[in-house]
Structures are given as C-alpha cells and as structure tokens.
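Shared between the two complexes below is subunit A, which has subunit B as its partner in the first and subunit C in the second.
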Partner chain A sequence: MAIAPRANAVREDLLRVEGVTKIFDGIVKAVDNVSLTVATGEIFALLGGSGCGKSTLLRMLAGFEAPTQGKIFLAGEDITNLPPYQRPINMMFQSYALFPHLTVWENIAFGLRRDHMPKAQLIERVESMLSLVQLTKYAKRKPHQLSGGQQQRVALARSLAKRPKLLLLDEPLGALDKKLRETTQLELVNIIEEVGVTCVLVTHDQEEAMTMASRIAVMSEGYFLQIGSPDEVYEMPNSRQVADFIGNVNIFDGVVEEDESDHVTIRSADCLHYVGHGISGNSGMVVGVALRPEKILLSKEKPAGTFNWCEGEVTEIAYFGAYTTYHLKLKSGKVIKAQELNNTRDLSCGLTWGDSAFAQWSDLAMVVLTQ
Partner chain B sequence: MNNMTNYLRRFFNGRHLVIGIPYLWFLMLALVPLFIVLKISVSEMESTSVSNMVSWSQGWPSIKLNFASYVFIGSDELYVKAYLSSLNYALLTTVICLVIGYPFAYFMARSPKHLQPMLLMLIMLPFWTSFLLRIYAWKTLLVSNGVINNVLMSLGIIKLPLEMMNTPFSLMVGMVYSYLPFMILPLYANLSKLDMRYLEAAADLGTSPLKAFWLITVPLSKAGIIAGAMLVFIPAVGEYVIPELLGGPNTLMIGRVLWDEFFSNNDWPMASAVAVVMILLIMLPMAIYNKYQSEQLEPKP
Partner chain C sequence: MNSRMINWFSQSWMVLVYIFLYMPIVTLVIFSFNDSQLVTVWSHASMRWYVALMGDGDLISAVALSLKIAFFSALISVFFGVFTAFCLNRYKRFVGRTLLSSMAATPLVMPDVIVGLSLLLMLVSMQHWLGYPERGLFTILLGHALLGTAYATVVVTSRLREMDSKLDEAAMDLGCQPLQVFRLVTLPLLLPALVSAFLLTFTLSFDDVVLSSFLSGPGYSTMPMVIFSRARLGLNPTINAVATVTIVVVTCAVIASSFYTSHQERKRRREVAQAYSDSNK
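Let's look at the complex of A and B:
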C-alpha cells in the first residue's frame, strides 16, 4: 500500500531511541521502555489510538518532554538533555501553530532569522520554500486568511526551512477533511521525498500511516506492539491487537488439531481451517485465526471440500461503491464481515438480506495469532 | 389604525426591546448628558440652567453658539499646562502599571490552575474597601511622621524624614496603586488564553525562552496591553481625588482645574469647555487606533 517504498539500500541509523520511559506525576507511565532506530531517509510512523503514548514519544524527540529513563541519539550524538531550540530537529505541529501575528513569509523565515542567516541567503531560502509548497502568491498573507490546506503547507515549509536532520509530523493531516486529505497525503510525501528529509510521523489514522510511511510502529499503552513495513503489519500482524487495530479483521477462536511443518489445521466453532504454513505451536493450543474481509469470497453454492469455508445468513449489506461489505451471521452466532469487489456493474454475487450464503477463502489468506 | 397597531407590534417585539434597553441606557446616561455639557460649553454665563438652554425666537428653537470659553482655554497657559501635565502623569501611570502589571499577570497566568482563582481574588481584594479610604491610608503611610518614615528612622537608615507627601512621588504611588488592577485583569485574561503551542513552535525553530517571550508572547498579548492601557490611561487623565489628596501644589491636573471652574469660580461654560476638550484629547487617539485596528483585520485581496 505504500506509495513510494524506498530502496532497501543499507543506510546508517539517523535516530536511535534506547529504552526510553516517560512517567508523568510519578505514576502515569505514558511511554514504557521503548527502543527504535530510524535510518536516514526513512519515513517512520508511530501509529496508535489516543493515549497510547505516541505523542509523548514525539514530544521527547522534539525536546518538549524529558525522558524519565533512557537515551535519544541523533546521528550518534546524545541529545537526551538538549533543549528543543538546540536540536537540529523541526516539527510540524498538529493544527500547525502558525504564528498568527506574522505573515506567511515571516513564519517561514522565523527559524532562519534565529540562526542569523545572511539576508540574501535567507530571502533565497524562503522563496524556494514558498515555491516548493506552491504558496509564492500568498507570501504576504496572515495565517487566518488561508484555507486549511494552505495553512498545512505553510507549516510544512516552516518546518523544512531550516533543513532539519529530522522532521517530526504530529497528525499532519488531522485537521483536513477527507477529500483534501487524500491529495495532500500524496503531495506531502512527494515534498518530503524531494527534500530527502528523514521523518517521524505520529497518527491515529492507519490509512495515513500505511500510505505515507516506509515503516510503522504500532503502539499501545506506551509500548510497541509491532514494528514493520505497512504490508508486514497488515498481512502479518503478530497479535490480535495489531490485527484488530490495522484495518478490518475477522478473528476465529480455535484449537490446533494437526500441527505439521508445512501446514496446520485448526477447528473453530463454525469451520475447519487449513493454514498453508507451519506455526510455532503444538496441537491442542488455543489460537486465533485472523482473516481479512477482502480475502473472503461469498457465493450461494456450497463449496467443495471440508476446509476453509462456512455458512451463514446475510444480516447487513453496506454498499461503498467500489466494494460492498456483507455481514454474515454464522451458526454459532458469530458475525463475520466479507468484502466483495464490485468489478462488474451488476452486483455480482446477487445476495440480499436474509439469504443463506457460503464464505470461502484460500489456505494462504489466514494468519494464525498465538497471542 | 390597524396599520398603526401592526407597526407598533413590529416595533415593540422582544428583540427590539432587548437591544433597546442598552441603547436607551446609553442615550439617557451618556449621550444626553454629553449633549448638555456641549451646550453649556458654548453658552453665555447667564443662561446656564437646563431649562433655558434652548431659546425660542419666532416659534423656532434657536441655539446661540459662543466659543469664548474654547478660545480662552487655548490662550491661557494654565489650561494648556494642566492638560499636558495630566497627560504626562496619566502616561507615566500607564507605563509604570504596565511594567509592574505585565510580569504580575504573566506569572499569574502561568501559575498552577488551582492557585489562579486565589491570586485573582487577591487582586480584587482592595475593591472591598472604599477607594477614598485606601487613598487616605496612603496618606498615613507617606506623611513626614508616618509609618514609612518612622520605621526607616528607627532602623537608622535615615536621619531626617523623607518628604514624600504632596509630591509627584506620592501622586504616582496613589495613581499606580489604584489603577494597577485595571492593568492586570485584562492582561491576565489575555495571557491565560495564550496557546502554549506557539511557544513550543518558537522553541522548535531555535528560539530561546527569553527571545520567544519578546517575539511571540508580547506581540500576541497586544490586545491585552492595549485594553489595560486604555483602562488605566483614560480615567487617569481626568483623575481628581488622588491629586487632591496625595498631590501637591506642583502636581496640577486637569481634574483639579475642572473642579475649581465648577465649584470655586462657578463658571459652568468654562468648566464644560475644559471637560469637552479633555474628552476630545482622550477620544482622538482611541479613534485613530480603532481605525488602524479595523484595517488590520480586513483580509487583504
């Protein structure tokens, strides 16, 4: 799903976070012993629900919070105790925090002036930033005279103007409406790629994380559940929480019946699963079988064979245009979701409310979750 | 007839009444008195009662204008001096109030949330006693055998009592003391709303905290500074009680002159003219500022 997965060339680590913990007021553990490395040129996303500690971690990278424990290194240098104004890191704030009393031009020049950049060079840098975000015409305006999308671009230009080693993005698209978000997402990634800056972004929106980032860390209650590329996190979640958080998923609770090196069979309340790869477990083990809705095929005819299908009644139909989501109530009372692509203009499987339908899937569609 | 009742009904609906009350208030208690003062200021000495403000000639009301008082204000050095010294003391009061009040309001706005109501209370506390009493209290503190001199002398810091009373110093003490809350309150209201993210953004872009204060906090609190300055400056220009009680022979202020014209000289046209000029002196800078402010707010094409 990533728009521009970056080349896997060996790069040196730019950012290294070692065992960082943040405890507020002596009791609230916002970030719990977290370690990570971000390579030069990477776009790294911290993904999680509200209160998972992602913003606190970002604020520690920016220098607004000091870690209770642990160390932060940037390009090999320990920056743990450096105040924000001495770090070669810039941040694009959630809802931007553009200075309301300054014009677009002055906002972008603000950081450069603090470095006492020579005037000619400063003018050139600001102009190039303005043209990068296509706001040259708006240089003289105040932030409140701009639209949300324009403000977002000013904020980006301001945070890029100093050519930071690391760019932090706090919910970069959170303040925009859905339609604008899609186009801005692409624009943002293109600009970041053009500048070639390393990025850490924080978001609660999994689509945003998956389209923009080359790697994602899924966070919950202050620690990382999983770190991986967007497709790894989506197709190979390592736990129920990750599977559940990223996209839609059906999870069947089952017991391992047969455990071979090249396959396993699992019995759940409604069906028998044949998984086409081995797992690190043993027979009799209680596991979850995760199955994404788009990997299920619905039909009215009973499938052949004994594995990887189940029968149910259609209880809900949600039409999204490009695809339709069906809710199927199984015999045990469990409801699963199945997504059918509308690849012809007549609704292909012709199912309606109350119909009895069969769901089937391939033996490579499932992920066995042991935790 | 029917038309008339309809018209009346439309006029006296709830919305008009609600908006009408403050307008009526403003009309009765501000515009009408102001008009009377204006009228008296351009009258002859003899015709200074409200009833014969308007004279009747051939069935039409006529108003005779007499600008002698205004001419006199311009020509007599006393008035010009009094105006200048009033503006001077009011400006000084405003500046001192700002210098003391800004840090005060700043730390109040930054203090823990649960302490703020108490701090606010401390600012308001003096209002519980009469203004006049508080000014008299300063008198007992500042006079030659007053509390301050006694303490300083008994500690051996000074040999002779300091002459503080009836000097510009005692006047400024009284003025700053009385008007300080009017500076602090609007500043506090403004500063407590300041979005901390602006300061974080400034720090992120390489600004030290002190620099960020001058580049971000102060410009963003401009509205509070102006509101506070207006609340202090305007009443301070016309202040009468404080210069009367704490001021001396060399602290001439226009409020004193006004009082003298009304009650010692009984020259109402002159007194009214002095008042009108004072109002104009205060209103002119305000009007200019308002115009500038509304131009700032208009979006540029």
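Let's look at the complex of A and C:
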C-alpha cells in the first residue's frame, strides 16, 4: 500500500551527514563511513536488521552519541558537537518515553517550558498539538491512563511541539499491534506532512519503511547498501543483500552467455533467462538473476519459446486470501516461490500439491545482480 | 501424604512461625499493662507504668534525642545516598568508580562494632589534635549517617536501575540541561525510593545501640542505650511501656502505608484497564 510518490519540487538539503563513523570501545564499528543528505520536507527511512547501525546513526543525529569521525550539518550549520538540548531536533522514542509523573498536557508543554515560551503562546501551542493528534479530551490524563495508540500520539505531539527542524522517529510503530499499525502508519504520515517537518525514521520493518518514506537507505553492518525511493529499492536492488532484505525474491545463479546492448541471455541450472535490457558486464560473467514471486505466472501448459520459463513440482501452497504462494521444486532441486493473485473466486490456476507446473515471466521482470 | 495433610501441616507450620516471631512482642505489650513491680509476674491490669513513663525525664529525653538523631541522620543519608547512587548508575566511567561502588557498600557488611570502634579512635585523635569534635549528638549523627548512606545508596540504586534511561534522553532531547533532567525528571520519579530510603535509615538509626554507645558523650543517651543500660540493672516495667508506645506507632505507620500503596496500585490498574477499554469503543 505504497503512497503515491510525492511531487519532487526542487528542495534544499536540510541534513547532511559527511563520512560519519562510530566506533564503540575502540573496536566495535557500529557505523562505518556513512554519508547522506536529506532534503527539506522529506521522510527518510533507515532500514536494516538489528545491529546494522541504524539506531546508532539516529542517536548521533539526536546528539546522544558523538561520532568518532565525520561531521553532521543541519541547515548548513555544523552540529556535530552540539549537545542534544541545543539541537533543533526532536525525537520520538520507540518506547515513547513519556514522563509518567506528568499529564498529557504537561508532557507536551515540557519542551516549550524549557524554552521559556510566554504563557499565552504556550497554551495555544499545546492546545493545537492536542487537537492535531486528536487527544484534546485526554489532556488531563497521565500516560498510564492511555492506550498504546494514544501514548504514541502523545509522544508524537510532544516531539512536534517545539517545531523542530528535523524529527527523528525510532521504530515509530514498533510497540503497536499489527492491526493498529496500518491505520497509525497513514495517520502518522498525514500528520507529518500536515506539519511539513523533515523526518528521519529508523525501522526494521520494510513495509513500514516503504509505506511511510519517500527515500530509503538500506543498512547493513554499519554502511549503506543502497539509497533510493521505495520502488527503486524494490524493483532495482543493487545487490543480493538488498533484494533479499526487501520482500521475497528468487535468485537464480547463472552465467552470462550473450551480452548485447539491448538484451542479455543468462544460463542457469534450470532455465535460460532472456533479459530485455543491457547490463554492465560481459559474457562469461557469473551473476544472480533476481525474480520477485509476484512476477511469475504459473500454468499447467508448457509455454512456447525457449526463454524465461521453467518446470517444477508444487510442494507447498500457502493461501493468503488475496493471493496464494506456491513453492515450486525445480529439477535441480532449487525451490522457487510464485505468488498468484486470486482474481476470481475459484482458485484460478487450479494447481494442487504434487502437480507438475510451469512458471513463466516476462523479459522485464528480472534484475541482474552482479554483486 | 495427601493434599489435606500437606495443607494442615503448612498451616500449622505458619502458626508456629508466627508464634515464634510475635510471641515476645505480644508478651511485652501485655506485661506493659501489668501492675506488678516484677516484669515477669502478672498481678492485674493498670496503666501505672504509662504514668510512670510520663514522669521519667531521662527516658523521655532519650526518646526525643533518638527521634532527632534518626530524623537528621536519615535526611543526610538520603541526600548522600541519592548522589552516590546517581553517580554509580549514570556515569559508567570515571576514575575511582570501582572503588566508590565497593566502598559505598562496605558499611553494610562491616560489623557495627568495628565501624563504631574505628570511628571512635578517629574522633578521639581528632579531638586530641584539633580539639574538635566533642563527642555527643553530632558524633552519633555522623556514625548513623555513615551507615545510613550505605543503605540509602542500595535502595536508590535499585530504583534507578529499573528506571527507563530513555526518560533522561527524552528530557535532554526536549531541551533540559543535565541538572534540569535531574531536577525535573529523575528526582520526581525517585520520590517513592527516597521515602523508603528515609524510613529505612530512620529505623536503622532509631534502634542502633552499638554505634551510639561508641560515639556518644556524657549527657547524650539515645533511647536504645537507656533501655539497654536499664536492662542490665534489672528490668523496669517502664521500658515495656515505652516499647509498647513505639510498637503502636510503628504498626500504625506500616498499616497506613501499606493501605495507601495497595490503594494506589489498585487505582492505577483500574485506570490502565479503563484506558484500553475506552480506546476500543
């Protein structure tokens, strides 16, 4: 349920991270020479598994950790050595970190009070924040008197109250249950866009990153594997790691046989791939061919032609309602996944366990991975 | 054994343990209302010893002294305990951290006699060389605060450890300087721990006899010291009366506080449940 790409007007860079490295205890390299820029108004996601360094990077942006090397600029100003309380950056914590001894109202006013905001203006700001997250009637409650979703909204209001230049979200939906997540995701994006704040979010959930962010940086072992828009990262992964991390993928190992400017053919153990665009490589090169399960069409009849199909036996069927995932065991013993949309109420391709089936796909469905 | 037997056995065991624990106290309370001059022989009920207690200036002033020392030593202990605990918990690296953390806990395991004796030796030589301090209220206070700080540190540390350190970060993120974080977030959340540390150190000081005996000077006898010295000369039923008064006060305080805590806990649980059922409507 990716949101339509936002209009790409010319924007200034708000955040610039230059060659930032963080080494803990002199040995553990959590973040390894990372550089990135985030434009004003953008929602930027750092995506990666646990221990990939995404949280450490976020904490350096907030000022809780100092980079071992490198610099961080916000709106052209070097903030590398500023303490957190002097940065025009606010963070929404994963566990929300609401002050349990203060009411919702006081939680939201907390940051404003530190800035000695005049009372009338403070009241107005807090009230507007409360109505933004629709918690006006809960203003007098303490955090423990709120449900998880409400606490999350208080945390958001508190981090937006000071009108930060940059908003940091640490696993913003991590503490909510699955059903609440989907509605909250959109709600959160709507609020962020309404306020117009630039945002960096950290998540391990690729769906969350793809739904919310305008750009995603896929991280592993402290560095960026790929930075791009959600569809770029999904449809044009630049490495096996990215293809594997974002969504499901079948990867065929093969050798380039024919390398032309408008197409390449690749021979793998189970089939011959005809890729309808050129690649940066040469014949004889060992590559991976990535193919997403939803781009495969299953049928009982043998396809015509010599390219882009293979035969196998159905070993598993997982019915998800909207679609069904079939596991197909190929001759070489490789198992591939194919997703078929259930667009009629009788299960369209009529395959069952043990059936022999043919998988086919178009010449533009594949991505050739050289790394 | 069937379950009924086990049940019967465990219940009678419980009763035995209660008798063992509370029989002496119950006896003491009963005998405080005894009219007889002899502590162990019952004649008939009277308030005679309570009346005698009113007129016993020594004992009354000893109780007053004990209360005063307990109150101030508890204050001092909590004050230093908070800072020690905070340093140990929040600053993971500074010169002498290991030393501080082990030294802070040492008075807990060190026998009181040794602590008292060494303090006495120090004070005596200080008095010899500096002419200060005179032994009395101040020196007892010093000893009790020393012991109390160790206990307060333990209590506060355990609370700090279970506190979410993200709260500190959130406060800093919202513009608090470190000292403001402490004042506006850490301290209010520590309040229950401060109260229990205060009560614990107060009690410790109030019933201490060993340190007080070493550190007191002429004219400064705490209540336990008076009771102890009178007991050696032959028990006087006035002691029973003063003990009963103490027990009644302590029991009332304990019951009141446990009622209050369980009431708060129930209220809190109700509110949490309410919050979730509201949001599901």
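Convention: the second predicted complex is superposed on the first by the 368 of 371 C-alpha atoms of A that agree within 3 Å, B and C clash if a C-alpha of one lies under 4 Å from a C-alpha of the other, contacts with A are read in each partner's own complex, and residues count from 1 in each chain.
Here, contacts are C-beta pairs under 8 Å (C-beta built on N, C-alpha and C of every residue); 3 or more make two chains touch, one makes a residue touch a chain.
Bear in mind that the values here come from a model prediction, so they are computed numbers and not experimental data.
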item	value
Fit-or-clash call for subunit B and subunit C when the two complexes are aligned on subunit A	clash
Which superposed partner A:S131 touches (first subunit B, second subunit C, both, neither)	neither
First (subunit B), second (subunit C), both or neither touched by A:Q150	second
First, second, both or neither for A:K162, with subunit B first and subunit C second	both
Which superposed partner A:K140 touches (first subunit B, second subunit C, both, neither)	first
Subunit B versus subunit C as contact partner of A:Q121, first or second or both or neither	neither
Touched partner set for A:N90, first subunit B, second subunit C, both or neither	both
Subunit B versus subunit C as contact partner of A:T183, first or second or both or neither	neither
Residues of subunit A contacting subunit B in one complex and subunit C in the other	62-64, 83-85, 89-91, 93, 95, 97-101, 110-111, 114-115, 141, 145, 158-159, 162
Touching residues on subunit A, where the partner in the complex is subunit C	62-64, 83-85, 89-91, 93, 95, 97-101, 110-111, 114-115, 141-142, 144-147, 149-150, 158-159, 162
Footprint of subunit B on subunit A - complex, ascending	62-64, 83-86, 89-91, 93, 95, 97-101, 110-111, 114-115, 140-141, 145, 158-159, 162
Interface residues, subunit B side, partner subunit A - complex	195, 197-198, 200-208, 211, 215-216, 219-220, 222, 299-300
Parts of subunit C lying in touch with subunit A, wherever the complex brings them together	164, 166-167, 169-177, 180, 184-185, 188-189, 268, 271-272, 274-276, 278-280
